[in-house]
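Take a look at this one; I'll ask things after.
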Amino acid sequence: MKGKLEEIKRKIMPDGKAMILAYDQGFEHGPREFLERPECGNFEYILDIAIRGKFTGIVLHAGLAERYADEIANSKVPLILKLNGKSELYTEEDPYSPQLYSVEDAISLGASAVGYTVYSGSKYEDEMHREFSKIIREAHNKGILAIGWMYPRGKSIFDRKSASKTLKVALEEQEQTNLSIDETPSIVAYGARIGLELGADMVKVKYTGSQESFRRVVHSAYPTKVVMSGGPITKTDEEFLSRVKDVLSAGAIGIAVGRNVWQRKDPLIISNKIHRLMFGS
Amino acid sequence: MKGKLEEIKRKIMPDGKAMILAYDQGFEHGPREFLERPECGNFEYILDIAIRGKFTGIVLHAGLAERYADEIANSKVPLILKLNGKSELYTEEDPYSPQLYSVEDAISLGASAVGYTVYSGSKYEDEMHREFSKIIREAHNKGILAIGWMYPRGKSIFDRKSASKTLKVALEEQEQTNLSIDETPSIVAYGARIGLELGADMVKVKYTGSQESFRRVVHSAYPTKVVMSGGPITKTDEEFLSRVKDVLSAGAIGIAVGRNVWQRKDPLIISNKIHRLMFGS
Amino acid sequence: MKGKLEEIKRKIMPDGKAMILAYDQGFEHGPREFLERPECGNFEYILDIAIRGKFTGIVLHAGLAERYADEIANSKVPLILKLNGKSELYTEEDPYSPQLYSVEDAISLGASAVGYTVYSGSKYEDEMHREFSKIIREAHNKGILAIGWMYPRGKSIFDRKSASKTLKVALEEQEQTNLSIDETPSIVAYGARIGLELGADMVKVKYTGSQESFRRVVHSAYPTKVVMSGGPITKTDEEFLSRVKDVLSAGAIGIAVGRNVWQRKDPLIISNKIHRLMFGS
Amino acid sequence: MKGKLEEIKRKIMPDGKAMILAYDQGFEHGPREFLERPECGNFEYILDIAIRGKFTGIVLHAGLAERYADEIANSKVPLILKLNGKSELYTEEDPYSPQLYSVEDAISLGASAVGYTVYSGSKYEDEMHREFSKIIREAHNKGILAIGWMYPRGKSIFDRKSASKTLKVALEEQEQTNLSIDETPSIVAYGARIGLELGADMVKVKYTGSQESFRRVVHSAYPTKVVMSGGPITKTDEEFLSRVKDVLSAGAIGIAVGRNVWQRKDPLIISNKIHRLMFGS
Amino acid sequence: MKGKLEEIKRKIMPDGKAMILAYDQGFEHGPREFLERPECGNFEYILDIAIRGKFTGIVLHAGLAERYADEIANSKVPLILKLNGKSELYTEEDPYSPQLYSVEDAISLGASAVGYTVYSGSKYEDEMHREFSKIIREAHNKGILAIGWMYPRGKSIFDRKSASKTLKVALEEQEQTNLSIDETPSIVAYGARIGLELGADMVKVKYTGSQESFRRVVHSAYPTKVVMSGGPITKTDEEFLSRVKDVLSAGAIGIAVGRNVWQRKDPLIISNKIHRLMFGS
């Protein structure tokens, strides 16, 4: 298993860096993400970006992974199967994202890694911590990687009543910045730490607004690897690239990005810029 | 398994088209659907329509499928076992339709496909996404098709408070039409997309009021096949046939219809008209 | 299995008629049912009625079925093990009756059939539909009958707010009669239909006040067999017998009766009258 | 199995009488029960009472049963493993006592019987009826006894709104006595009856204030054996002994007592008195 | 198994004393615990303290235990895998800490013992009592120790309404001291007793403010071993050491301490002082 795991690490993190294309938004946000550029709704268009943009991994739900299994295998882009998901149609104060596929499913679909979103701070964090923990153990037993989408969220965090000590620190951090509460260094670092404590190989977290604060996040997760979540499309390429620079300097090993690539007019231009920044060519 | 699956596709979708007779209303709505034409409560009458109307599939719960197993086998009409269901006697804001039979049950009853209703947007979407996802995996492993009844519904959708971005777009769409919110293109397309993401072979969705808007639905689900749900009986045959034309032009592969066939005085007349429209004879 | 099932049908439904003695009231209502005639609390007294009254089945919970296994076997009265139950000590708006014994238990106790109460319309109908559905599949696989106590009930039915279409029809029916809402033809017929859809061999339902309306119930369940639930003791034997006549004329195959037999001074007198009505001797 | 069961019955019920020492109060009520006599907190002291007081069974949780397994085996006092329990720290209207150990655990600890508390009337009676029912089946399959602590309790019982018919009778009984509602004959008898219906070999119930009323309880459970629960310490030995006499005359086969023995200054004095009353020496 | 268990006891409790280093705060409280001394966030720093401070056990979650498996094995410090955990981001009245890893996981990570937090008094005590009880049985079957973090907590305890008898005593104790309610002798002793009743080998509990009151706690748990929980950092070393002296005199076998060691400027100084106090050198 260890040999297989090392080989997978070399593929998803060549030179220790990861540049991952996220494409689970059709489930999480729905087709509204494809309104301006309908071609983005078509996976064939997306896979082409992943290949030509030299991404080191692509994140999918099981439906597309199964239907395009041959094309993905041929592309050599490592598959990261996102094991849980939820629609934005149900709007709740305390989110829960249920596990939809098993590690066994991931392996039979040829995945190199599994992903799972954890909303620590939600009323349902117990379920998600438990599910993710089991997934990590099973993934490691079967020789693939486990990646956590660590997004603390929920009524306890958005409400300011009966705040935890962590939240009190986060609220102070917020006063000096224009971050939303789930982007403050204390909250993001806590999410990352939970990824480490549970045993994730990599955690995907939000940008905390500065290189300095992101360093704290990276430190809290050490030695678990950290990648920045791309988030909604920025006005310019430069705005996005500047964030990438920040987090790399802070010790992150890369990014997991979707909309900031495929919602742009020419996704390959920004893909190339990111690649150059990360891999030097 | 792949060979078996291809054979089933040829039977349920000859020439790539599906004309499915739905008969799960006795459970979902109760015997009130048979008040005007009591013969509709008798399955023997319904099976006769399926045979003589040249339907390419019939949707049943396990009770009828088991009791009339021989008659269904002789009829050559492919059986689609509806795996979940609920009565209208319990009226709730957030619907949940529990899985009642297993894929194993479906196979032992001779089914070519399984059906499952998903109310994305309900407080219980987690349970339904999870159940349907497992059903899809198991159906494919055992060589039969999985069809999703994709009906976003629930308090989050009917309430306008704390609306998701998708719902905001849907509310704008609604202002320009006389659609109910769960018939707007954005909501229907989202439901269809979830079918694709989970891995459904076919999705059954509501009509969105126009060919143009339905095209968006078909696009969002691509390459999953789309059929239109028949819905309550229309005043005239033509009104219904015009919808069928619309969705076929929009790329749908057919319909799943119940009341618009068997609640009519002569169900074979409309059956023949639909068949001609879809298959040219 | 089929041979075993046919043999059981001949025993529980000789000449296609069923006259079943219900004795689960000690659980459902408690010992208050035995206050006037304490001998009714003693199963030995009850079994004697079943034998001498020529009943074609007796309904019990597992405790009595296990303790009197030899006596029941010797009596030749077929055992119907009631698999779920609840006490009246917990008074709730939305009832749930949990499965307490398995089909496996029933078979090891020598049962010819299993019974299960379904409160469709309750907030917990999902659980009950699911449990009963699994019970039916397993019973049939193991060659015994499955009988549904179909009693729609719950807040959605007793409350008149947000009424379903079925409930609206039922409320109209109620205006012209002195039936309680769960005795109206629409509600009773819906319960019976769910029994058919799930696959029950027989359904036990409430009397709907007239032969004509009961015919609708029988039609809705067809080809599932229908028996009338005895209910609380009537003032006279004739009042009860008149109901039995009604439902037999309406197509029911018999009754499942407890209190109207064993709470009477001489239970054999009414037992004989019922037997004569049903079997002609 | 039957041979083993008969041998166990002879040990726990010599001459058909049971005199059981209860020691689960450390869990149910906590160390406050040991405040006046700290030696009662020490199991070694308690086991000595069980041996020298000639008790026919001792009730324990798994912790003590495991740690003192050798001493218990040497003592020849039959072990009754209490399978569920809860602390009084959580105060709720509707109690639930979760199953903590399995029948398998009980057997590997050398138990002759298992005990389980059932709070019928609680919102969670479904869970407890279900758990106890499974325990009974498994205990009998493995040749040990199943004893029910039958204590109807919960909001439906303490609240007088929406009272069941049983509760209405109980409220009338209460008006003529100084019993609390869960000590009225109707409520206690109902609990005992549920024990019979589920299949318990023995039920432990509260004293109903008189020999006459307790006779009704014994009758309702017949042929399940009934023992009286000892309850909190009475002012005098005689007060307690008088209750024991009452229930024995009413047909009970004995008692399960804890505090009324070990909280007394000299537990052997009352133990001897009880033994003489029950066994004549 | 017994041989293995004895060997483990000699390692974790040499001379019958336990000096355990707790490091699960990164999960329970988050990285805020590392704000003043960032090196504390790095496990390599912590393991060094455990080794050089001569601790007899170290408490970890699975993530660190897995990643540093070789280093921990080489260190010879026995591993105690904490099986449950929760973040402080979700602030609730009734805490629940879900089981995240299995006893099987613990053994494959080389653990000598498993730990589990029990919040008796919480609305979810049923779940935690059940999970811990199963863990104890399995741990003993597989030859490792089970340690309970016994922390009664929850709305029933913090609210003074509908108080249990135990809580009433605790409230009286509180009036004469400056203890918080979950530090009063009655509450702490109850928690410890539950550990004994369930079968824990060792319980970790809060300090009750005095040697005399802690003696009651030790007595209530007897013969289960008791260790004091270190708690938040005290102003001086002496303040902490004085508590350690108290509990040792009261019969405790040691402590489980984290922040009072690693949050100090020189963790080895206090480690040596504790070691000398406990082991005399």
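Each chain gets a letter, A, B, C, D and E, in the order it is written, and its residues are counted from 1.
By our rule, contacts are C-beta pairs under 8 Å (C-beta built on N, C-alpha and C of every residue); 3 or more make two chains touch, one makes a residue touch a chain.
Predicted model only: the values in this text are computed from it and were never measured.
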Practice prompt. Hop across touching chains from subunit C and tell me the fewest hops that reach subunit E.
Written response: 2
Worksheet item: With chain centres defined as C-alpha means, what is the inter-centre distance between subunit B and subunit C in Å?
Response: 34
Discussion item. Rounded to a whole Å, what is the gap between the Cα centroids of subunit A and subunit D?
Written reply: 56
Discussion item. Touching at least two other chains at once: which residues of subunit A meet that condition?
Written reply: none
Discussion item. Can you give me the ring order of the chains, beginning with subunit A and going next to subunit B?
Written reply: A, B, C, D, E
Worksheet entry | Residue ranges of subunit E touching subunit A (in the complex, touch as defined) | 24, 26-27, 29-32, 34-35, 38, 41-42, 61-64, 66-67, 85-92, 96-101, 105
Practice prompt. Would you pull the subunit D residues touching subunit C in the complex into a rising list?
Written response: 120-123, 125-127, 129-130, 133, 136-137, 140, 152, 154, 156-157, 162-167, 169, 186-187, 189-190, 193-200, 216, 219-220, 222-224
